[in-house]
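Look at the two complexes coming up: subunit A is in both, with subunit B in one and subunit C in the other.
Presenting the complex of A and B:
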């Protein structure tokens, strides 16, 4: 059993994570502090939520870019709308409205993909462009810092607080609960529901899934709807955490999220992927970003270091796959 | 990706075969569709915007198009071989930055015109070499190590941008000889030179893909890598060649941008620019093993018409470029849906 775990991509990512943390910690012991842990988690929350929404799609074989646009569109539109109404209440209404918009956006995408048999990637590129254009042209082109009175202070609502030798008071933000609950839900869905297993079936071999009786269209719709809702939740959460709403939120980041998910063991062609792997992948990317600052590498060279790390880290699973192939019998499909 | 066995899909539109050297050239229905779309849009904007159909406006479009156009050709060849190249923009900037460094460091201040031109030529060669090397890195990762193209090029995109950022320290490189603007801002017989360069590379790419054994093998590789491998095609070498060519085209784009802006920086373009080239390829029906260079050319023209058209139509309204994005997204979806109905609901694999 242990042997099986060790062989997985997820375990390797875990090892890399640990190794990287150790190396950085040795270079700069400030890394081994509660504030690093809490800050890294805080920065990861929205990426966790978004990637849990994209993971089911990727497992089913669909590569999606538009989730960032849905996050930006739903959060910014909800905010500007409530602002116009003079809303002074708390965060719940934001989540409800944005979530509903996200649901509709996801269903729209699902409709286009299933009704017209279009490749997910192509539709997602079109929608990515469309939603950001919609946001910027029809809603507004500037970031907005006027948060309703009822939400002020949300950004500092901590679950646990602690004293840290370097920064003083620090805390783990409440919204980590959302990420944990959503992660558990997606894990449960993937493992214990027909829809979840259906996603793996579609990703493995769509024709076989259809002939096995899976309602493929319905499963896609559910996955897209989920992606829409989770992206909206992530967008709103980011707005409150950073205390401003941005029409071009996450616009440069869909590929980074996809990279995190794939590094965490999901296959880009579908049929494979886990919540724990995705979590590790996101953490890895976050820690790489954080580690660079702490190791004192000059700002202008940081990107290069990230690039080298990415090249190495993406090569590892590829080389593993090659070695596995070499030991397979020639009668198996390539 | 398997195609349906429906005969209708691959058969060319029936027309009288042309004589002589053009005998083998058949215009496909998809190309016609794109041409029609381009014409419709052109007419639409000519009517709506009074200054659209002027020499000045068309010439300006001719200056703006080539950068995106050559970059899209770079993207096209990667998609054609079954992959994708997210690092095209980063390669273009890196090539420009290194060529820029050379020019700034080595061109003597008071050199004569001819000498300067010589230095320029060397700088161009440096840029092409950089593009070629970047392509080689991609080819190694994708072809020989076996990293999925989207991941490999995402990594190399960061890597190349990182090199540019590190070397420039974030600053823009300037101080180029004025002769450089020839490729960016001058015309021959009223036709912008960058546009001629774009057309030239379009023809070159067409010849490469349609009339060489490399192109033939690339098409086979894109359609079915496993079958290609077992047919004796060296997949890894073809992939290497494809990404090298992609890198060279990216470098040319970098030179074009440098010619227009008279500067080089690590940050020109950005992810959205790369996604734009992918969108254009999608519009042009470029898929692994499928796709025509002429379709890509027309698709670039379509985007340029839309871009300039909306900019001029909405010149009073703020954010006209944003509306263009919105419209572009919707247009694409309309084209997808239209294709679905035109092809007679032929099942397309995702």
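Presenting the complex of A and C:
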């Protein structure tokens, strides 16, 4: 059992995470602080939520990049709409309206993919462009900093607070709860529901999944709907955490999220991927990001480092497969 | 009269303008092994997909266990006890043995939540049904083909199958595994299941069939008791023409001539050991053995894919070194791979491009541009010469039938006029008619002076093309036979003996 865990990619990512933290901590002890921990988690929250939405699709073999655009479109449109109405209440209505829009956006994409049997990536590329275009053309082209009264204090609402020797009062934002609940839900769905196993089945062999009697189109629709809703939640959360709503929110970020999921052991061709791996992947990218700042290495190096790690990680399965083939030949000939 | 489980009546199915099935009826009875035979494109696969609910027929009715269906869904077919074991075994490579076995039962139960204890329970029961033992938590993609097939059969049994349809079930199996599969099939028949065994391997059909049904060009041309049906008759119904294999003429080899290819003590760690042989011009040398005997590795070594670790290779008396495919090609060695679809062809590219791809540097003009006129003339020549049946050389290669695709692979190597041509399983998955033509082509190439290494475990094929046959076992050359000294029976016995020795 232990041996099996050690062989997983998740464990390797975990080791890199620990090793990297140690190295950075030795170079700059400021890294080992409660505030670094809380900050890293705070910055990770929206990426957790988005990646948990995209992971089920990737397990089924679909690569989506439109989730960032859905996050931007739903959050910005909801905000501008409520602002116009003079809304003064709390965050809940934001999540409900944006969530409903995200659901519809997800279902639209699911419809296009299942009805016309289109490749997920092509559709997502089109919708990525379309939703950002929708924001800029119909809603507005500038970031908006006017928050309703009921939501103003939200950015500093903490689950727990602590005293940090370097920065004083610091806290872990409550929205980490959303990420945890969503993570647990997606984990449960993937492991314990027929829909979840169906996603793995489709990613393993779509033709066989159809023959076996999985309701493939329904499963796709559920995965797209989930992606849409979670993207909307991430978009709204990001708006409140940063205290402004942006029509081109996350426009450069889709690949960072996909990279985190792939680092966590998911395969871009489908069939593999876990919530825990994705979580570690998101954290790893965030920590590399921070580590480079704290150690004084130029930020531009971040992309290079993540890139190198990705190259190594994507080669591991191929190298293993090659070794397995060689091994099999030897045993047969012996 | 035994109980009738399924009756498909007057089934027709068209895809675009192509008629796949034309007014075909088929009956399947309990406790009977029915063999469905036909060439590629005869409509066998379409029929399987219709009676398992994957395709809806344009016309016709399906009666299963007395229920009438105009449109049958896959789920309904499963509920009626129809289980198809496809060539790929319909497994999920990324999931475990246990989940693969249990998945249909989970889906059939209609439950939306997975109980992993139940999954394991179902898997154990399934393995007990055929007394098999497989590691439940192993990921299926790590298992050999025979194990994957067992899982597929267990799945079918667990689904309370009354009719098991097997689509080309022996393709990935060795001789010995085929025999144990046949034992399982007979056992299932004893239990009153109906088996629809779909194949174009006539010797296997001879061995296992109670009743034989033959399709040709989307029509049923024969449906009768298997007793009294022989291979030439079946081949005739399949192809619509007589195939004569008795009057094969072999090119005489000049025994005193120096060898074209000589190999001494060739070794690839983990593949084969101390292999030595000679190949003369005009000669076809067969290399046979079981999967894992090292025959494919030997071929790949000679072609530079897996360079040998030790040993010497001579071409026309001159020692050469083969470290890469480029080396092999420049010394006049050609290779036609086993899996032509994956390794030998660009399926989406035009036939003409596939034929000329190995010649590409001959069409180079200044500035590295291609002379397209010469190229297409050359392509036309080879399409004509190898009688590749196509309306145009510019069509994608995937539009061709299996036999014609194999000719394209042959054409692209012959066009380079290699001295030595290595053929690995040249007729795997090719129907009877095309097979005979490919054999004639091999003999013809030898007549023109090429030396040919034919790697195959198809015994009639070896006997009809080879001058000598080397039998490999556990990476070594175990025996050498001259064709005129042995019969198919002897060679078969030797191969099976090798299997027994191999497993002990």
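Assume the second predicted complex is superposed on the first by the 297 of 334 C-alpha atoms of A that agree within 3 Å, B and C clash if a C-alpha of one lies under 4 Å from a C-alpha of the other, contacts with A are read in each partner's own complex, and residues count from 1 in each chain.
Going forward, a contact is a pair of C-beta atoms (placed from the backbone, for glycine too) under 8 Å apart; a residue touches a chain by one contact, two chains touch by 3 or more.
These figures come from a predicted structure and were not determined experimentally.
By the touch criterion defined above, A:315 lies against subunit B but remains apart from subunit C after alignment on the C-alpha atoms of chain A.
Contact with subunit B, but none with subunit C, is seen for A:301 once the two complexes are overlaid on the shared chain.
Ranked by how many residues of subunit A each touches, subunit B and subunit C are led by B. Shared-chain residue A:203: touches subunit C; no touch with subunit B.
Residue contacts after overlaying the shared chain place A:251 against subunit B, while subunit C stays out of touching range. Once the two complexes are laid over each other on the shared chain, residue contacts for A:271 go to subunit C alone; subunit B is not touched.
Residue contacts after overlaying the shared chain place A:122 against subunit B, while subunit C stays out of touching range. When both complexes are overlaid on chain A, the residue A:191 reaches subunit C alone and has no touch with subunit B.
By the touch criterion defined above, A:84 reaches neither subunit B nor subunit C. Common to the subunit B and subunit C contact sets on subunit A are residues 334. Across the complex, subunit C meets subunit A through its residues 52, 54, 74-75, 78, 84, 86, 88, 90-95, 99, 103-104, 106-108, 111-114, 142, 269-273, 291-294, 297, 474-475. Those residues of subunit A that touch subunit B in the complex are listed here as 61-63, 65, 112-113, 116-120, 122-123, 125-134, 136-138, 141, 206, 251-252, 255, 258-259, 262, 268, 299-308, 310-311, 313-315, 318-319, 321-322, 334.
Remark: subunit A residues 191-197, 200-201, 203-205, 208-214, 271-272, 324, 326, 329-330, 332-334 touch subunit C in the complex.
Taken in their complex, subunit B has these residues touching subunit A: 86, 141, 145-148, 150-152, 154-163, 165-166, 168-170, 226, 229, 270-272, 275-276, 278-279, 282, 318-319, 322-330, 332-333, 336-337, 340, 345, 347-350.
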